[in-house]
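Next come two complexes built around chain A: one with chain B, the other with chain C.
After this line comes the complex of A and B, so read on.
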C-alpha cells in the first residue's frame, strides 16, 4: 500500500479541512522511529462525513490527533477553513481548534468522574466565555441534552458513573456540540457499545450532523459501521492510504485494493450456511511500524506482490470514477 | 441418538450483591451434541458469559454465588464440582478460552511454561522434555510460526492474535471434548478474527471437539455454529439450528438484534431500525416477558405472564414469545 499521492483531493476552495502530506513519527528506543503516519493527504467538504477504516496500528487515531495538533504532526499541512494550523501561535491555535471537536472511544474515561453532567457539558463554553448569560447557557445545555436523547431533567445533576456507556457517549456528543463546531472527529466512539445502543447512536449522529450542518471524520475498525455513516471512505494500512472511495463505490465496484479486498472478505457474513473453515493459515502479523516494508507497505501480506512493489511505492490513482487505489497491479 | 455431551437443565446462577439478589442466568436449558458448536449470543448483561463460566465451574466457587439446576457432562453431574471432580474435568475434558488473551496469560511466565504447566498438572507422569515437546507441538497445531522460538518468549512479545492462539493451545493441551470460547475474537482485528475462527472451526473438526461459542456478535456465530441460542436478561429467548435461525427469526428481539447491526451487505447510508431503550436492570426483575418494554409487538399478556421457550410447531426452533414472528412475515432473508 501505498500510497502517497493527492489526485483524490478536491479543489482547495470547496473543502472545510484539507490535509496534505501528514507525517507523524514517534521516537522509540535506540534512536529508532515509529512511522505512525507517513504522508497522508485527504480533505473533508462541509457537511461531509469521511470514514477512516483500517486495523489497529494503521495510524487512524494518530491522524485524528495530528489534525487537532495534539500533538502537532512532524510535517505536513493542515488547513481548516483556509487557515493553516501549523502557522498559528499557540494561543491562536487553541482558539481555532474549537471548531473541531474530538470524541473518544471510552466514554467513561473521557469524562471527569468528579463533575456533574451539566458542568461537563458547559465546561468548554465557560472556558471560552461563549455561553452568554446564565439563563441562555442553561437553556442551550438542556436543549442539547434532550437533542442527544437524554432526559435533561434526570441527568442534569448526575455523575458519569451513574450513567451507562451509551449515555456517557451522548453526554460527550452534547458537550462537543456545545462549542458549535464545524467538524466533529469521532474516534471509535461506538466500539465499546452494544449493538442495540450502537444503532441508536448511528441514527443520532446522522440526525445531528444534518441539523447542525456538521462535517465529520469518523474513525472505526468496523467496515459495516463506516459504510453506514460515511460519504467517502479512506482505507488505511500501516500509516498510508490504500484506497479512497465514495461510499457508493463499495456497492458498485467489485475490484478494490488487495487490502480493502482482504478487509471485505474478513467481515463475518450473516449466513445460516456453515462456513467451511479455510485451512487455518499461519498467524500473520502486521509489519512493525518501526521498520515498515519498502515500496508498497502492504506487499508482505499481498497476494499480488511482485519485485516492483518492493522497489517502487504505488501512488493513488483514480481507477474508476470516485475510486482511487494505490496499487501497481489493480487496473 | 446417544446422550448429549452436555445436558443443561434449569441452570440458574444467582449473585448476592449489595443491591440484592442478581439472577444472571435464569433457568437456562440446552443440549450440546458431541462435535457440535452452539453459538450463544447476547448483549452485555445478558448472562452469556456467566453461563459459560458456570458450565466451567468458575462461578460456583465465588462466595456470593449460588448455582442451581444441573449440568451433566457426558452423564456426570458437574454442577457444583468438588475438588476431585474439578481436577478430573475442568481444564482437562472441558477447557475455556477468554476474551482478553493478554490478561489471561501470566506476564512473567514464558509462553511455553503456560502450556507445560497445564500438561504436567493433569498428567503427573509426564517428563519435562516430553512436556516441552508436546507444548511445541501444540503451538504448531494452532499455526504459530516458528513454535520453538515462541516457546521461549513472553506474552508481551506476541501480537493479540498470536496470544489468542496461545490461549487456544493451552486449552487444547489435554485434548478436551468441550471448548468454551468466551468472546474469543472480540479484542482482535477482523482479519485476525477470521483466522482465529477458521482455526477454531478446523480444530473442532480435526479433534471432534464440541464448542460453546459465546459472542455479542451474531455475525461471529453465523456460519460457525450448528445451533444458536439468543440470550436476553438472563434467559434464552430463542434457540434453533443455525441454518434455520438465520433464515428467519421467531423472537422479536433476535430479529431486532440483526436489524440493528449495520451489515456490510446493506446498501450505503441505510437507516437502521434501532431497539429503543436499554436492557433491564438485573437487580430489578419485573413480571412478564423481559423484552416487553422494548418490543414493538408487546401486548398486555406479555407484561403479565412470562413466556417459556416453546417450539411452536416448527421443530427445533424455540422462541420464548407469545406472539412469535411467523415464518411468512419474516422470510425476508438477511441478504448475503
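After this line comes the complex of A and C, so read on.
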C-alpha cells in the first residue's frame, strides 16, 4: 500500500490539476506527528471527475484542503494549469486558487449564519469586485440559484437557518459556481443529506458538471455514490493510495487491491439472505496515523500479508489496463 | 425552536404559570431601563427642577425628605437641589459613560480577541500577555491610578472604564473565535479569496460579537458600579455635576444619619439599574445558549 508511485500520472500537459507526493502532517501531543497524508500523487484532467474513497480518517478531506493550500501541505507539488501553487505569493495564491472551489459536508456550517442567501452567493464576487454593474450581478445570481434548483425569489432574503440541509447545500454549490471555477472539490457533500435528497444532488452535480465543463474531485466514503459520478476512482487507505482505477473496471471481472475488495464487499446489497462479513479484516479499525504500520500500511488487516509487506512498501503498478494497484501479491 | 412545542405538550398549567412569573420580572427590568433611558435622553424637556446650579435654589428647602405629592417628589439635598432631577441628570452621565465604555471595550477587546483567536501564534501570545497583565491589576486600583492622572471628564472616564472591560472581552471573544474559526464557512471564505482582514471583520466579528452581547450588558452594570465608586471616592466626575456616585457621596460626614434619603434614593436607583442590566444579560445568555445547543 504505497501509492508513492507515479506511474498512474498522465502527461503533464493534458491535466488540469497535477499533485505529486503530497504530504500533510499535523503536530500531536508529546511531539509526535499525525501522518494524515503521506505521499499521494494524482491528476485530474479537464472536465474529468475523480472519486476519492476510503474509510473515515484515511485523509481524504486532508487531501482536499491541501490541494487548496488551506492549510498548505508539508511537502509536495500542486500544479494547477501549470502554475505551482506552493511557489506563489500569498496574494497570488488567493487569486489563483479561486479556480478551485470547495463544498463541504456540513451544509449549515458552510454558510455564515449572519448572511442572507443573496450575500452568501455574491460573496466571492464582492471580494474581487468582479461585479460589473449590480443589475447583471443580481441577474446572474438569480439564474444560478434557479439553476441549482432553488426558487431565487423565495430564498433571496433568507438566512441559512431558515433553509433545509439540502437547500443549504444548493446555496453552497451556487456560491462555488459563481466564481466560474474549473475544478470543484466536493468533500463528502452527500453524507449529511437523506437518500432522496442525495440522488437529487447527484443529478444536479452531473448536470452542472456538463453545463459548466467542470472537473471534479468527489470525495466520499460511499463507493456506490463515487462509482455513480466518477470517471476515475482513487482508493485511499491511511494517507496512501491503494488503487487507482477507471470506473469501468468495477463492472468487469478483474483483480483488485485487497482493500478495494473489502470496500466492494461492504457495499450494502438488498437480498433475502443474511450476509456475513466475508472478507477478513473488515471489522477492524484503521491503525493509528500517529504510528502507521511499516511497509504496506494495509498489512495489519490484509488477508494476503506476508513478511515482505512489512519490510517493503509496494508501489503503484499497472496490473490491468486502467488499473493501478499498490500490492506485492496482486498480479 | 422547541419552546412552543414544549408548551403545547405540557399537560398541566403549572410550568406555564411559573414561566409567566419569570417574564414579569424581566418585563419590570426592561420597563425600568426603558423609562430610565428615555428620561435621561429627554431630561432637558421634562421641565425638571434645578439639578446643578445652587444659585438658583436659594429659596428652595434644603434636606427635604421625599414626598411624592410635592414639587420635590424625591426630596432635596443640602443645597436645595431637586433629587429627582439630579437622579435623571446623573443617569445621563452614568449611563453614557458606562455604555460608551462598554462599546469602546467591545470594539477594542472584540477586535483584539478575534485577531488573537484567528491568527493564533505570536499575535495570540502578545495579546494574551497584554490581557493577563491587565487582569493582574485589580480593577479599582487601576481606575484610581488612572483617575488621579487623567482629568475627570466623561470621555476620560469612559476610556478608563473601558480598560476594565477589555481583558474579559478579549478572553471571551478569543474563545468564541476559536470555535467559529473551525467552521467550514471560514475555510470557504478563504477559498473564495477572502484575506485575513475580511475573514476577521466580515466572517468572524458579526458572529462573535453577537455572542458577547449578553456579557456586554453585564459589563454595563459592572461599570455603572465602578463609575459610581469613583465618583463616591471623589476621583470621578465632580460636583456640582450630578452622578449617582457623588450623590451617594453627599451622605458622608454623618449626614446620612440625619437625612437618610440622600443615600437611599440614589442607591436604590443604582441597585435597580444594575440589577436590571444583569438580569437582562443573564436571560439573553440563557436564551442564546439554548440555541447553540439546538444547533
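Just so it is clear, the second predicted complex is superposed on the first by the 320 of 331 C-alpha atoms of A that agree within 3 Å, B and C clash if a C-alpha of one lies under 4 Å from a C-alpha of the other, contacts with A are read in each partner's own complex, and residues count from 1 in each chain.
As a working rule, a residue touches a chain if its C-beta (ideal position, glycine included) is under 8 Å from a C-beta of that chain, and two chains touch if they have at least 3 such contacts.
Remember, it's a predicted structure, so these values are computed and weren't measured experimentally.
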Comparison of chain B and chain C by chain A residues contacted: B
Touched partner set for A:172, first chain B, second chain C, both or neither: second
Chain B versus chain C as contact partner of A:116, first or second or both or neither: neither
Partner chain(s) touched by A:100 [first = chain B, second = chain C, both, neither]: second
Which of chain B and chain C A:194 touches, first, second, both or neither: first
Partner chain in contact with A:128 - chain B first, chain C second, else both or neither: second
Touched partner set for A:221, first chain B, second chain C, both or neither: first
Residues of chain A at both interfaces, chain B in one complex, chain C in the other: none
Partner chain B, residues of chain A touching it in the complex: 55-56, 164, 166, 194-200, 202-203, 206, 221-225, 227-230, 247-248, 250-251, 262-275, 277-286
Partner chain A, residues of chain B touching it in the complex: 43-44, 143-145, 159-162, 165, 189-195, 197-202, 205, 216-220, 222-224, 226, 242-247, 256-258, 260-276, 278-279, 334, 336
Residues on chain A engaged by chain C in the complex (per definition of touch): 65, 68, 70, 94-95, 97-98, 100-102, 104-106, 108-114, 123-124, 127-128, 172, 175, 179
Touch list for chain C against partner chain A, complex: 183-185, 187-195, 198, 203, 206-207, 210, 295
